[in-house]
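One chain, chain A, appears in both complexes that follow, with chain B as partner in the first and chain C in the second.
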Partner chain A sequence: MILGSPTYIATHTASSATSIEITSNIDSTYDTYMLVMTDMKPESTVGQKFGFNTDHAGTSYNNPHCSTNIMWSYNDDDSGADFSQGAGVLSDNSTTPVEMGHGVGNTSYAIQPGIFYIFDPSTATTETQYMWHITGYYATGDGTFGCWNNAKENGAGTISKIKFTAAGGSALFSGTIDMYGVS
Partner chain B sequence: MARFKVVDNVRIQLTDAEEAELDAQAVAYEAGAFDRDIADLREKRTRLLTKTDWHGLSDITMSAAMTQYRQELRDLPSGLTTVDEVKAVVWPTKPA
Partner chain C sequence: MSALTKITEIELDGTATSYNITSGIDATYRCYYFTFQNIHPSADCQLAVGLSQNGGTDNYLNSKTSAVWLNRVMLTDVADIATEFRPAWAMGNDTAFQVLCESIYSGVTDGNMSGYFYLFNPSNTSYNCHYMWSTNCLQQSNLTWQNTGTGRMIGSGACNAVRFKTLDSPTATLDAGTITMWGLNTS
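So, the complex of A and B:
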């Protein structure tokens, strides 16, 4: 939970897109940025997981990250209660996205909404931190899942660009991201 | 069919180079499907084993049914070689 006064900045909407890239307004204006994701939905058969990657000066989106998560789920047939820590992931100088969800699936009614925070993206002497809380349709169990996730840049520096993708970076998806600055 | 990305809320058609890069990523992602699924299966299997570890304490006699259940869990990933086989796995029932 972020306390403070969120200030609306912009809305980014995708329909049958391969990525949503935010390349402006991530700067020193705010210490924290909050991205509210609604109706995030894979559209292709391989679209089962959303992810993100970051960059600053370039457009390669290959910054190294370290991430982990806790995840819980329950199935529509009143079974399968589960709670676990996901394996930590080291994404080292790779365009492979940092995984954001857990098997969201691509059925017609499947979505993965959530809230994503970026902390201190413009402080050059610290590693930018990320935290997100995701819920969604869990394809593996035909139920619901939730997860708390965190990640950080593997190295101090500023971040000014973030890119959201689905299924390894290649799948089509739709969705809306409302961006706020938090002071 | 042309694909598009959204940059600062502007819909932009991918360049040929970006199309090729995404095609390569899609191939790589598909190629890793079995590895991802078997890793998920092993993770769940290990969690279920952990939940019954206490049956192995020295002052408790593990029942034959529990011994069989835990062995079936250990054996579950053996011989699985395809995504379809992983998805079709029938999990053993935990003894009462």
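So, the complex of A and C:
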């Protein structure tokens, strides 16, 4: 759900790019930041997973995270019902990008929209928390999937940058992220 | 200034079994956000949604694929619980209306359903229009029942209208509550 009263900050886009990097405006102005993702689309092989990593100043987007999830899916042919913790997208103190959900199809109309929250990134004494709720075109079986996921930094510190990638940064994608501050 | 702009607000008054929103869903916003507040029916029923590509003349029967899960607990027995996939409400390329909640109990005036529904970039004709929702309701007088789901409209046509309607009871009307449609500004 949309929390509080959002204030629009900026729009970030990718077109055949390997990342969307948000490098400004994540600061102490707001306690919570909301990122609305639309039309996030892989542009090469089927089954690419979107992911993110964050940056303390100078860590080059390799902070360690823990993440967990609930994922569900169903296919166009009435098969493939699933509701489970997606073991393949858990993160355990890993510095690689936190995977956000299942692999997205790369048919011409396959995308992954969603809502992503960053909680209290500017408090140096706490671990920053993340939560996202997404819906996507499931690469497996031509279906749909949803995810309620969350993650946290392993270690306290401020976060001022976040980078979104596909397939760990090795794949091209397009998409739009509208950024809001929530008070 | 809040980036949330209220576009339409429907006060449910018991006069209808369905409510249509046929304007305001266009390219103005990339994200549309619907809230359901304290919805109470005249008889036990579900609330469902249909999506239209032509202002409603297709009777909101576009094909969709959706996945849904439930999370419920009995109010008088916390050992009576379930968290599981809801196969009856999943849809595989199906034109039926998408069930958004379990049957809302009508027997008490304070029981209701509340929740939200997102529609992402409905005017983009290059991609499937995606949606997701989560609701909670009082069901059968003694269950609190959450439903959460995601889905997409099959094909690449723009979605420009939605219908919310009662299901499972041929005569149930929505006699109280509010459905509000918001747009999320990008400027």
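Note that the second predicted complex is superposed on the first by the 171 of 183 C-alpha atoms of A that agree within 3 Å, B and C clash if a C-alpha of one lies under 4 Å from a C-alpha of the other, contacts with A are read in each partner's own complex, and residues count from 1 in each chain.
Keep this in mind: a residue touches a chain if its C-beta (ideal position, glycine included) is under 8 Å from a C-beta of that chain, and two chains touch if they have at least 3 such contacts.
Everything numeric in this text was worked out from a predicted model, so none of it was measured.
With the C-alpha superposition on chain A as described, chain C and chain B fit side by side in the combined arrangement. In the superposition on chain A, A:136 makes contact with chain C only, while chain B stays out of contact range. By the touch criterion stated above, A:23 is placed in contact with chain B alone, chain C being left untouched. Chain B and chain C, viewed from the C-alpha centre of chain A in the overlaid structures, lie at an angle of 90 degrees when rounded to the nearest 10.
Legend: residue contacts after superposition of the two complexes on their common chain; A:11 is shown touching both chain B and chain C. By the touch criterion stated above, A:178 is placed in contact with chain C alone, chain B being left untouched.
Once the two complexes are overlaid on the shared chain, A:148 sits against chain C while remaining clear of chain B.
With both structures placed on the common chain, the touch criterion links A:115 to chain C but leaves chain B unconnected. When both complexes are overlaid on chain A, the residue A:82 reaches chain B and chain C alike. Using the contact criterion defined above for the overlaid structures, shared-chain residue A:170 touches chain B, although it does not reach chain C. Of the two partners chain B and chain C, more residues of chain A are touched by C. Between chain B and chain C, the minimal CA-CA distance in the chain A superposition rounds to 11 Å. Within chain A, the residues touched by chain B in the first complex and by chain C in the second are 11, 82. On chain A, the positions that touch chain C within their shared complex are 1-2, 5-8, 11, 36, 38-39, 41, 70, 72-79, 81-83, 108-111, 113-115, 133-137, 143-146, 148, 176, 178, 180.
Those residues of chain B lying in contact with chain A across their complex are 3-9, 11, 14, 22-23, 25-26, 28-30, 32, 39-40, 43-44, 47.
Residues of chain C that touch chain A in their complex: 1-4, 30-31, 33, 65-69, 84-85, 87, 90-93, 116, 118, 120-121, 124, 126-128, 130-132, 134, 148-152, 154-156, 182, 184-187.
Touching chain B in their complex are the following residues of chain A: 10-14, 16-24, 46, 82, 84, 87, 95, 103, 140, 167-172.
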